[in-house]
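Structure below; questions to follow.
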Amino acid sequence: MTPPAELAETGRDFYARGWARGASGNFSVLLARRPLRLCITAAGNEKGTLDETNFLELDDDAEIVQGFGRPSDETLMHLSIYRLRPKARCILYSQTVWGMVLSDRHYVDGSISMQGYEAVKGLSGVASHEHIERLPIVENSQDQVALSHVLENVLIENPLVHGIYIRRHGLYTWGETVAETRRNVEIFEFLFEVLGRTGNIQ
Amino acid sequence: MTPPAELAETGRDFYARGWARGASGNFSVLLARRPLRLCITAAGNEKGTLDETNFLELDDDAEIVQGFGRPSDETLMHLSIYRLRPKARCILYSQTVWGMVLSDRHYVDGSISMQGYEAVKGLSGVASHEHIERLPIVENSQDQVALSHVLENVLIENPLVHGIYIRRHGLYTWGETVAETRRNVEIFEFLFEVLGRTGNIQ
Amino acid sequence: MTPPAELAETGRDFYARGWARGASGNFSVLLARRPLRLCITAAGNEKGTLDETNFLELDDDAEIVQGFGRPSDETLMHLSIYRLRPKARCILYSQTVWGMVLSDRHYVDGSISMQGYEAVKGLSGVASHEHIERLPIVENSQDQVALSHVLENVLIENPLVHGIYIRRHGLYTWGETVAETRRNVEIFEFLFEVLGRTGNIQ
Amino acid sequence: MTPPAELAETGRDFYARGWARGASGNFSVLLARRPLRLCITAAGNEKGTLDETNFLELDDDAEIVQGFGRPSDETLMHLSIYRLRPKARCILYSQTVWGMVLSDRHYVDGSISMQGYEAVKGLSGVASHEHIERLPIVENSQDQVALSHVLENVLIENPLVHGIYIRRHGLYTWGETVAETRRNVEIFEFLFEVLGRTGNIQ
């Protein structure tokens, strides 16, 4: 499958799972590093009916190289992640009830902490349930430039994390392939629900 | 698609999502403003198997212009909304567990308040997660005339709201198209579950 | 559709909704009153793959008139309901998480009480959300004769109820047709979840 | 169906139900007792797209007799179960939110206790809702040899249990056929959710 086809299928699947709704959600694949070329969702398309034409090819200034439409508002965040995660070749966004609840509940802690679950071994490169995954929580902002700078600092300070949660917004996860990234999302969303129902608030 | 076909498809989708059950639920599209012509669900049809023949064309006295059957009991509320929301061309009703729970929990507050969630940007015309959406909660009544008068006052007092919740009944949402209205419902129902699970009662 | 075909379709649908699991669940249709003839599920069949051959025709002594297999253990309860509810022509059983939880939580009250919800109007013959539906809760027993006698007393003492809950077992609902009975189940199961999530325990 | 085909179908179904995610999950069928021959999932395959080629035939030293790939890490546990449960011919693993929550909540009790639910009769050989099923909870470990020894002791000490829960890992269930084992899983997972929502934490 072409990157747009693979991301379109991913978007429709996320919609069906309740991980995206309406036109929200943004997904990308890195086409090349030098010069940087990005395939990313165009803004405003229904995720439930996403198709190959709903994607744009951008350069590292977020300028459109190919395709029609406006890039996702979150493009700058995608660029920041690709710059600071040299192995990442795919970035997916998911927005779910339990992630939202935990991003509030654990905002004061600065992160959603996962340890002791066999399922964490599903995250890329994790070998034991004793691995501690501390998913950073970042405050949301409509200023995409400011938000992407905050994101960059968090990525630098947390070299090992598999994702970042924008408070009351959603989860950004990355991986070396679309399939690996989807597995990471699947693990995070599962553990969000487990943590959510385990705490004294569900 | 014709308005009846589009609303029938919407009804079947709402049923499949658990947003409608049995014969409950009422959906309409505004066909014309002067003279006012309305396409609305006939009463008593299963929403899971709704088809184009389950709709009536009415005038602004709720008199049947075309089609067979009895108009939805809630027709007067639809008329009130179209009268007081000049841009509305579609009204949808949804009845869900979390909406029901919140309409009870927040009845004393007079509204279900949503702020700080990126998802509110999915509501028509909302540009920031800092937007405050205060969804009014109205007490239910079997007297449709009285209920529609209450509804009219609430619509006048709350010019910016995207919907109204009839306590322990369901949500009324409107928009300029069926698609836009469905997006609004999708956002509200998502945030209802988030708020429901965030509070100290789920 | 023939009664067995209609009940088989209902069983598969209940399984798909999580209202039945494995071989549990028993469904019947009254074929005739004098002499009484019953079409009921044979014991031990998977509800997810139920077909027309998984039903038996019985008389009012629960003797097999037609078909192969053993009648559902709950046959005596079906006979009791048909005897004491002259208008009932269908009985359905559903077993769900929320019904189970409420049958425990409200066992001390003797019933699960539903009032104030517009959805109660979905129950046969209910005209207002102010209607009070008090669903009796009966303690479970492996002695089907004893259990059916208890059921009969409850049916006599509660002439207006639309169903009975066997504690930690499941819900029995009836109606004049399979479709009407399914609507009643749909309403009860929806309200069970609403009540479950509204209380201080979910 | 061949054992690999039946297990592949089971894996895809478990994935669709949310009982398995990503590449997690391990399923086996006993092909022969003397000499012992096992058909078990190869490691690292997506459960949502499992097919007949994703299985290996092993002997009682976990040596590959047929097929390509690496046996599931949990192979030793499967061997332990088959050795100590002479009637078992199938072992299934499921990993769900509610099981995870209960394995934490009841870890101090040493087991998840189920009694009084009609649904327990769905477990192989259980005749009454008064049956007490005490599902042992075992601490997780990455040392599969140590873990399988612990499992063996638990199996010896609890001759009547239908499954074992590895804390924060998942449920192991067995039966005489794949169908019977799936029914057992279905009952356990249903009761996990009931217990989870009944307690003061959901």
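Letters A, B, C and D name the chains as they come in the text, with residue numbers starting at 1 for each one.
One rule holds for everything that comes next: a contact is a pair of C-beta atoms (placed from the backbone, for glycine too) under 8 Å apart; a residue touches a chain by one contact, two chains touch by 3 or more.
Predicted model, so just to flag it, every value in this text is computed and none were measured.
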{"item": "Turn needed to bring chain A onto chain D - CA fit, degrees, nearest 5", "value": "90"}
{"item": "Interface numbering overlap (same over half, different under half) for chain C and chain D", "value": "different"}
{"item": "Chain B and chain C, separation of their C-alpha mean positions in angstrom", "value": "32"}
{"item": "Chain B and chain D, separation of their C-alpha mean positions in angstrom", "value": "46"}
{"item": "Chain D, residues touching no fewer than two other chains", "value": "202"}
{"item": "Overall pattern in which the protein chains touch one another (line/ring/star/complete/other)", "value": "ring"}
{"item": "Chain-to-chain touches, reported pairwise for every pair that qualifies", "value": "A-B, A-D, B-C, C-D"}
{"item": "Complex interface listing, chain A residues touching chain D", "value": "116-119, 121-122, 127-130, 179, 183, 186-187, 190, 193-194, 197-200, 202"}
{"item": "For the chain B and chain C complex, residues of the former touching the latter", "value": "21-24, 95, 97-98, 100-101, 104-105, 140, 142, 166, 168-170, 196, 201-202"}
